[in-house]
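Have a look at the structure below before the remarks.
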Amino acid sequence: MNSLQLLPESASTFANEWNWLFWMLVALCGFVATGIAVLLIYWVVRYHRKREDELPVQIHGNIKIEAAWSLIPLMLFMGMFAWGARVYFRMERPPDNARAIYAIGKQWMWKFQYVTGQREINTLHVPVGEPVKIIMTSQDAIHSLFVPAFRIKQDVLPQRYTTIWFQATKPGRYHLFCAEYCGTKHSGMIGWVYAMDAHEFQLWMEQGGAEGSLASTGEKLFHQFGCATCHHFDTQGACPMLRDLYGRPVRLTSGETIIADETYLRNKILNPRAQLIEGFQPIMPTFSGQLTEEQVVALIAYIKAIGPRPGTELPVSPGNAPSNYGSQQGIAGPEATSISGSKPRDR
Amino acid sequence: MAGQVLSTKSYLLTFAALLALTFTTVMVGYIDLGWGSMFMAVLIATMKAILIASFFMHALLEAKLVKLVIAGALLWFLIMVTLTLGDYVTRAWMPYPGK
Amino acid sequence: MTDPSALMLREQFGTPEQQRESATFGMWIFLATEVMLFGALFTAFAVYRMKYPLGFDEGSADMNILLGSINTAVLIASSLTMALSIHAVAINKQVRGYLLLLATAALGLVFLTIKFVEYYQHYEQHKAPGISFVSDKPQAAEMQMFYVFYFVMTGFHAIHMTIGVCLVLVLALRTAAGSFRPAYHTPLEAVGLYWHFVDIVWVFLFAIFYISGLHG
Amino acid sequence: MSTLATPVRAAATPNYLTSERGILSWLLTTDHKRIALLYVFSVTAFFFIGGFFALLMRLELVTPETDLVSPHTYNELFSMHGIIMVWFFLIPSIPNTLGNFLIPMMIGAKDLAFPKLNLASWYVFMLGGMVTLWAMFRGGIDTGWTFYTPFSTVYSQTYVTGAALGVFISGFASIMTGLNFIATIHRLRAPGLTWFRLPLFVWSHYATSVILVLATPVLAVVLSMVAVERIFQVGIFSTPLGGDPVLFQHLFWFYSHPAVYIMVLPGMAVVSELVAAYSRRPVFGYTFVAFASIAIAVIGFLVWGHHMFVAGQSVYSALYFSLLSYMVAVPSAIKVFNWTATVYKGSVSWETPMLYAIGFIGLFTIGGMTGLFLAALGIDVHVTDTYFVIAHFHYIMVGGTVMAYLGGIHYWWPKISGKMYPEGLSKLSALTVFLGFNLTFFPQFVLGYLGMPRRYAAYPAEFQYLHILSTAGATILGAGYLMPLCYFFWAWRHAPEAPPNPWRATGLEWQTPSPPPKHNFEVTPVVTHNAYDYEGMKEELGLD
């Protein structure tokens, strides 16, 4: 039996903010709750019935007191709401320069894939002091990635991507849990996050045994599944151009415009005809059932990694500069003559 | 509602109006109005529903309490629709997957 | 006490009026629960319709508008006969009321028959998700979702219709047996409310399933 | 049963228990008091079945490894515990027992508006319960009480459809009860009993009924859709056809969040009565407490999304659900403050029901305040789906509702049975329950705060101390619950006779013999007093 622990580890930038808010709430609620308890017990003892037929003084209420104990809590609650929302929005908005790691949850394990090609199961290595964004999907039921020491949690859903981000502040080994009940071995779907300082992380990455970057795996798949026969990169064929696509708005025939994010790309690969793009015929076959989640992730990493055409300016759509946009040097699309990109990029 | 106030004639008129609206909605349905097609269909359906409730069900003649029940049911349905659709409409506002 | 309504007075009520108002009020509350029941289905439908407008329009385009329109007319007519039958009993014309109730039940059965003919057609055309569904349309999956909702929602409605027909038949028998008088016909009024409500639900089902994709 | 009212029966006044005899007179009764007792037996049985599952879980969790039961069995245990406790104990607990028994008496009526519907609701409830139990023992159920898709529709190998069917059926019992209460409260109040003379018990039950009527059908729909999806393998809420599991959660919580108020509002109803009766004072701020019940019922429908802050809904809807969740906390706070103020300068007696009421106020305050933590978006991310949530809702439902239920049963026991209960023993059990409860669930707050996820059959070793504490508390709590079961059985026959109004309380239910006659009152009462009007009734009550 380990020793009794009463404080959780705090190892991310959120942890401090979270602790502050949490203990403020504990202090405030503790104060009020103690006040109620003390008054209640004191009055119950103080006004204990003296004789059987006692009729106490009859008080019916007081509108001013009612107003006070309705409005003061309301104002306090609004403060809690605002503070909580502030913390939440920071948690929900990954910074633009966050390092992307892909995660796939399945019954009952976590699989992680780095952009640089390393893969891990139930362990996740992350650098300290650098924002990390995890893009997650599930192969079956709903899971939820939970790292208590980082105070982060996000459900992982099938058929779509959700993200979570954090910046570790302290090297160490931390629990990683599945927090959404997912079947028999739900409690076995756990692992460890290793936060390492930048240098050690670099060493780990180099020994990581990557067989080429995720994008280069994606590139191989891109050719293997014949995507390249139709999707050219720099010339418009019968199919949409993929260069400059990620993070850009796409007009659909229904008149809607949606941003080409990871979930969009995924839907287009697996169920291309659900939403038709304006100006194109629905000729793309579905790859549903042919690709594993890992392969879909690799293809998306590849599409994201195709930089803009050499010499053009890096496009930035307002409010949404995709972090990895063009970050994989050497990936230039099928028309490029040489392909590399297996080397992890210095950050 | 105190006794039967409505006459046979008013029932027949309601019936005729409902048939006419059914015919109208089918005709309007053949025109492609984009999102307006669904809107028109539901709008005409709402008109028909109001006719049925008002005349066949005598909702207009009922006590205030019954009207309150009707209003409450509709309000609760609107709560469910609005807050649920609110999620789907605003999902795309934050440009990160899954938010 | 010779007033026939007094014989039907239950012990918890003071007056026949109180009892009648309680019964219709209870029925209206029940209809409020029904609004929420179908409301939840409409909400789910709205979410998917918003997400997949194309697939849902294509699904709707395959509906049999002729049978759908006939069924709408049949149901409206049944609402009319229902309303008239209550009116008849209220003015002490029990025989007319009885016949009109039979007509209501018959129209209800016609509706259900036509509905099942349609179901069979969908099955023949392989438009029955979970049993046999084939489509070469680009949005096959979303169309299938459309049909899932079509079957679930019209199925819920058909169950309500079936219950309604049974209730109306029972009331027809009770009318024939002389249970209802101008002063006491609360069960008729309550079932009438139910019947009209089921009609209203169909009006909306007709709009979202048959009409919305008619132009396609 | 539709004989004309016979006021001549007064002579040897048989009461509702003795007026008819034989098992059929119970099974075919339309007397709301007898139906209430049928419900008492049923929900008590379900409570101990559900409690037994909980005890097995607590025993399993003594060690970090899974050694007592397999992980699969553990999953079935928490699912069955949740389903039985929520739908077959908590939701019917107070409304269908105390509510059923007391509402007609409190408003001076002979029965509910629809007595046959009331009896039907018990049969429907029992049918639902039997179907659920059958599904559980035949094929098990391992989805948790929440039936989350796609796990429940695609991956679970257990009898999900059967269990869902059972819950679906029991939903109709809820609707029947709610409908009956609303119609009764509107239509059958005694002459002179205006809305603002109603006891707060009735107000709270009225609010509960509104929720029962408007929320339950949504549960029926969502469970039917789960069944359709499971039987036909068409993904309404799972992925092959583009279904969205988050939509399931929306619809499920549209019912299940208000359902929390179905569970706790009747508890508040009981506590309002107890605090007034044992302080001999009108509840402080009567109108505020009355409207707080209505406000909870209404705003309670606007907050369901706070169960889904990390579920993948839009951050903006998370924002409005968080804001609205704080709104619903205000009326709850108002109630707590008003109950506390009621005691001030009262004439407080320390009988068992009052101890339960004080326990309720304390535990409900803790439960409610931890709800403020969960409503704060940033805090929720860490503590949701952990033991923090478990502790929070057990403080509300066990610390709140069950304490109120026990308090209410003690308080009205003389009226129900015509006998008193053993005061010393019941004080001991109240104390045992209070201590056992806190020892069980307070450590779970700490566990959740440390990051222990819920629904884990095995867990990292550093959480073991707290789990052992919790299990120790659970055994004490279990003993505390068994004591009333035993002494109430004893008291039914052997305790001293109860007078009509042992507490010198003001409600109409105390102005008729204990146990009451079949039609509650020998003469329909005419109400001339406000609720809790001790001053105006001091001669009748013998107060000075």
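Letters A, B, C and D mark the chains as written, and numbering starts fresh at 1 in each.
The working rule: contacts are C-beta pairs under 8 Å (C-beta built on N, C-alpha and C of every residue); 3 or more make two chains touch, one makes a residue touch a chain.
Everything numeric in this text was worked out from a predicted model, so none of it was measured.
Counting hops only between chains that touch, chain A reaches chain C in a minimum of 1. Here the spacing of chain A and chain B, counted between their Cα centres, is 41 Å. Computed from the mean C-alpha positions, the centre of chain B lies at a distance of 15 Å from the centre of chain C. Each chain gets a centre from the mean of its Cα atoms; for chain B and chain D, those two points are 36 Å apart. Residue positions of chain C with contacts to 2 or more other chains are 21, 25, 29, 32, 36, 39-40, 43, 47, 51-53, 141-142. Chain contacts: chain D has residues 186, 214, 218, 242, 246-247, 251, 254, 312, 315 touching two or more partner chains. Looking at chain B, one finds that residues 65, 72-73, 76, 80, 84, 88-89, 94, 98-99 touch two or more other chains. Because contacts link each chain to all the remaining chains, their graph is best described as complete. Against chain D, in their complex, chain C makes its touches with residues 1, 7-14, 18, 21-22, 25-26, 29-30, 32-34, 36-37, 39-41, 43-44, 47-48, 51-52, 129-131, 141-142, 144-145, 148-149, 152, 156. Residue ranges of chain C in contact with chain A, taken from their complex: 52-55, 138-142. Interface residues of chain B, counted against chain D in their complex, comprise 65, 72-73, 76, 79-80, 83-84, 86-91, 93-94, 98-99.
For chain C in complex with chain B, the residues that touch the partner chain are 21, 24-25, 28-29, 31-32, 35-36, 39-40, 42-43, 46-47, 49-51, 53, 65, 69, 72-73, 76-77, 79-80, 82-84, 86-87, 90-91, 192-193, 196-197, 199-200, 203-204, 206-208, 210-216. Contact residues of chain D toward chain C in the complex are 1-5, 104, 109-115, 175, 178-180, 182-183, 186-188, 213-218, 220-222, 224-225, 228, 231-236, 240-244, 247, 251, 254, 519, 524.
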